[in-house]
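After the structure tokens below, expect a handful of questions from me.
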Amino acid sequence: MVNFNKACSSFAAAVLEYDTNKIVHIKSKKVGAINRIIQLAIIGYVIGYVIIYEKGYQSSSVGLSSVTTKLKGTALTNLSIKFPVTVDGKNESGTIFDGPRIWDSSDYVIPPEENDAVFVMTNMIITPRQKQGKCPEDDQYVQARCVLNNNGSDCTEGEEVITGHGIMTGECVKLDRPRTANDTYNGMCEIYAWCPVEYDVLPMPGTNSGYLLKKDKCLLQQAINFTILIKNTVQFPSFGVRVRNINDNQNKSYLTRCQYSSDKENRLCPIIKLKTIFDEISDTAFEDAAIKGGIVAIRIKWDCNLDHDISDCLPHYSFSRMDNADALIAKGYNFRFATYDVENNTQYRTLIKAYGIRFVILVDAKAGKFDIIPLLRNLGAGLALLSVATVMCDICVLYLLKKKYFYRNKKYQYVDDPDASTSEDETKTEERPDRDQYENMND
Amino acid sequence: MVNFNKACSSFAAAVLEYDTNKIVHIKSKKVGAINRIIQLAIIGYVIGYVIIYEKGYQSSSVGLSSVTTKLKGTALTNLSIKFPVTVDGKNESGTIFDGPRIWDSSDYVIPPEENDAVFVMTNMIITPRQKQGKCPEDDQYVQARCVLNNNGSDCTEGEEVITGHGIMTGECVKLDRPRTANDTYNGMCEIYAWCPVEYDVLPMPGTNSGYLLKKDKCLLQQAINFTILIKNTVQFPSFGVRVRNINDNQNKSYLTRCQYSSDKENRLCPIIKLKTIFDEISDTAFEDAAIKGGIVAIRIKWDCNLDHDISDCLPHYSFSRMDNADALIAKGYNFRFATYDVENNTQYRTLIKAYGIRFVILVDAKAGKFDIIPLLRNLGAGLALLSVATVMCDICVLYLLKKKYFYRNKKYQYVDDPDASTSEDETKTEERPDRDQYENMND
Amino acid sequence: MVNFNKACSSFAAAVLEYDTNKIVHIKSKKVGAINRIIQLAIIGYVIGYVIIYEKGYQSSSVGLSSVTTKLKGTALTNLSIKFPVTVDGKNESGTIFDGPRIWDSSDYVIPPEENDAVFVMTNMIITPRQKQGKCPEDDQYVQARCVLNNNGSDCTEGEEVITGHGIMTGECVKLDRPRTANDTYNGMCEIYAWCPVEYDVLPMPGTNSGYLLKKDKCLLQQAINFTILIKNTVQFPSFGVRVRNINDNQNKSYLTRCQYSSDKENRLCPIIKLKTIFDEISDTAFEDAAIKGGIVAIRIKWDCNLDHDISDCLPHYSFSRMDNADALIAKGYNFRFATYDVENNTQYRTLIKAYGIRFVILVDAKAGKFDIIPLLRNLGAGLALLSVATVMCDICVLYLLKKKYFYRNKKYQYVDDPDASTSEDETKTEERPDRDQYENMND
């Protein structure tokens, strides 16, 4: 038992110890001043910037967002779409778009809903009453141009018109539209297609698209007055908090009256006029985007400090053009869609090449709340920077000051390899005491 | 050659050296015990928490996810949509929704596919057989109320009804529906619109929407029994691994039999009944979301340890309501869409205001695999924390212990500025040996 | 005033000081060599790998991406969809898909636009001219099989056919298609449904789906020659830079001529043939995906060094199959959609079960630009690694060398607890000088 106690006690003696760096404590006004100034700068940076400004005392979390949109507004057009077309050898014409016509959100929002995006059609090329049949290809396709009565040698049966509307029957038939190029052709290859094929020219003055528009105007000019209602809910599951861009404290009529603008009073209204969006995007005009199409980002930024009241957590909207408004090629945005119907056992479709503005809603939501862990981590990492002060002072003291040799001797304890003389000089002195150094050390 | 050797050797002598901190090694049971306890705590934290619990020995990667959904289930309704309407001065009525009608997934999933989301229509306001024409605006729009035979002074030609259905013709015409407000008006402004305009009242008892429903019921009540099949594939390109939420080991009939529930047996089945989802969301009822619409998040969490067998890498499903079920204003979720058809050269559309549940599928996939780099990095950063033990012991030894002055003299080597007296006191002593300090040092 | 100066000066004397570690500077060729080699390795790693290779001198930022797609290409089919069907007791048949039929992008891209995805229909099951009514369920639903003239006891009125097409009327009626199973049933329960119900068998030789295909071919076989144009704009708001995958320097005809391939000349062309995509995916064939459907990821990687010219910032395309082409169950990808139309006050729909390829476009964009902050941070963190060299040398010197005891005495200054004897041995010696140690220290 005595032995065990003794062993225990000597084990404790061997284990219960600790190592700490030997510090040279230098009293020097110049260097000390440098040291304190750097330390103050670092502490100021850590406390002021990292902890307070960057909210280093909070743990932060990214929010899960859900966005829905609703467009309101109507546009009135006065179209008359008639052009001579040839299907299966017979002349036909579609006139369903005659007269005044109202476009509401069910007409111009395509598809009716998307995830985090919404498309507003502002301009279009309508090709009504297409049906399956044989008809001449549009004459912009050089590959399908032919000379009539040439025994059809220009058109190969079964060949596809590249990027065109269909597959050739092998016949060469009369053009059913004005010829656009000056080449030597007077016919177009007949193709299996949805007939008549689309006449892919934006409705501009002087074109034959059937409906004439003023220069630099889109079809749905009233689109600039459409409003977009954005409903955005953000969840922060780690904090158990949910915020919304529509305030329950506001009374119901607020949503029928208000309209977003960047001033203080209206910047929380979730109803945004398209005109407001394009006014805030400085580098592009509504007309440019509306005629050829474009992509606009609506960014909603949430930066919530959950240490404050939840009602202070408010969204911030900003707008920018995503695509390049100044692009020389492949400019704008459009896509084609069709609606189908059947009459007398024949399927018809109305093809629309839709130009318009695609709004992409990007939600960037984060929230922070006091947490001891990041506070300690930031304090620790920040204070570790204090060693920078020591490094700067060391440089100063050891290399710049006049008395640098004095300080070097204080900071460094020089130890020579005791074997060095042996190995190098081939003499057999076991240890070289290098007394100078040790005397230096004790000055 | 001798010279070169000599130069080489003296260069080597000058370069082949190294600096290491001078350590004060203190044997003290009290402080040593503190030191060892803190060290043990830190090592325990690093090994136990950082390395083992937080899997600090793995490099981790976020997965690329692809989600597709398929809804199954049918609902039967028995509607009769008839209400007196006036288009272009003539009375019309649409009756296409007479009698029993089946709604299958092609009818109630709109649009048929979306990226990471699916919408199930549960309630709706149907306005069949709209066509372009002139008709009275709905009488909820105060702006468009007028008095008949008032010389049309209440209605301005070309003015848009704000958030309404069209643009005024300038005429004031008879209401074609029961008057809803008690104000002094007996007509409504005539507008260019899709006629008849929508009667925006949810089908409830006592309303005139043509089809009557029991209170607090949605139109497609059987929606609660619909099932949603989720096919989710996750790729981890950096590990060359792909996992799926449908197990190839299960036989084919499993997918026809199984149904998700949170118990152990069925929590891997990818077929989820809507009832199950709403049963797991405690704070809201299916009826609430089904009548006015709502947004539900389906989260799929993958947390794969690729050091184990890949078959242990399994998804975990959870459900939550994204929008605020208790919102006082702008509650729920709906959108309008239309289907178009042409009959006798007239374009008709069927407008549906769709209320329903939007499921947003959020996949949160990560995987980890043993990697030497993060292991070393975590070990290194963890062991650097050991200096905290030294700092704590230093505080203890230098400030708290009775013998603190003894230890301070051991840890610190005090060096005074040799110029200090010179610069401050304007005396010319070159160096002040400050013998006390050096004697302290040697005790 | 003198007092204040004095106080000030003594405060300065107390505060203007700094602490620096005492360093033991060891001259030893062996250890010094190890030290320098490790230091060189670390400096090489920091400069070569962290700073230069990993671009540690740049701050980096993730880009905001916008993607739009456009499909081109046509396919010709020659269908004849006729099969005997029974609706409300009368035989009907739909023949609208008779003869040659062209499918263009408005037909096979469903829906016409999606956020970061596009679906190309390649195969389908068409059920034309469905209308609301009563008809026999498809005979693959065992639940709805019945025996005729059995007093209807097999079919329960109001019961839903699970995953089927409708809700039973309670009647058992004749099959309107060939019986597929050998069980003892000769009728099917009549259901309320869109009639006739879909015959869910892919068009293969020997099936009765009305249109016959060669084995292992999809309906739109020309889909392999379709091209997909991807327009991708990436914004780096923090750098004020916007890049596009279509180069404005190229002339307009480039976009009509070029076609993506992985060789140097064409790898920047944004027009990609489906054949090229499937040729680059080694583990799957186009036919497999086209017949049963599949999901393909198109990844666009931007890694821009904004210290170079912006025109060097180019996209890199890569392709992979997202879903499991070898899956045994729930393989492929399909969904159903319908187009509606009204004729003679009856609503009809054309139901299409669409199989095809879903392209998911994943953009991974980042950019870097010189910044002094990350350079300093990386240099700092890198140079902190230099202490590893000291640790390695310490291990060498203190544990491995013959002269380790000599060096230990140099590095360590041993201090015993002055109270140790008191507390342990109950003797009253106030301080134990432990002279050996201090003499060691001074050698």
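When the chains are written out, they are named A, B and C in that same order, and each has its own residue count from 1.
Just so it is clear, a residue touches a chain if its C-beta (ideal position, glycine included) is under 8 Å from a C-beta of that chain, and two chains touch if they have at least 3 such contacts.
Model, not experiment: these values are computed from the prediction.
J.: Quick check for you: after a Cα superposition of subunit A on subunit C, what is the rotation angle, between 0 and 180°, in steps of 5?
T.: Rotation angle, to the nearest 5: 120 degrees.
J.: Residue numbers at the subunit A-subunit B interface: does the shared fraction exceed half, giving same, or fall under half, giving different?
T.: Since fewer than half of the residue numbers are used by both chains, the interface counts as different.
J.: Could you give the separation in Å between the centres of subunit A and subunit B, each centre being the mean of its C-alpha atoms?
T.: Taking the mean C-alpha position of each chain, the two centres sit 17 Å apart.
J.: For subunit C, what residues touch not just one other chain but two or more?
T.: Answer for subunit C, listing residues that touch two or more other chains: 19, 21-31, 111, 114-115, 339, 341, 343, 412-413, 424, 442.
J.: Please output the residues of subunit A touching subunit B within their complex, sorted ascending.
T.: Subunit A reaches subunit B through residues 12-13, 15-31, 64, 66, 68, 70, 72-74, 76, 95-97, 99-102, 104-107, 111-115, 129, 222, 225, 227, 231, 233, 235, 237, 242, 244, 246, 248, 250-252, 254-256, 270, 339, 341, 343, 348, 350, 402-403, 406-407, 410, 412-413, 424, 442-443.
J.: Of all residues in subunit C, which touch subunit B in the complex?
T.: 9, 19, 21-36, 110-111, 114-117, 119, 132, 160-161, 163-167, 191-194, 295, 297, 320, 322-324, 327-330, 333, 335-343, 345-347, 349, 351, 354, 358, 360, 362, 389-390, 393-394, 397, 411-420, 423-424, 431, 433, 438, 442
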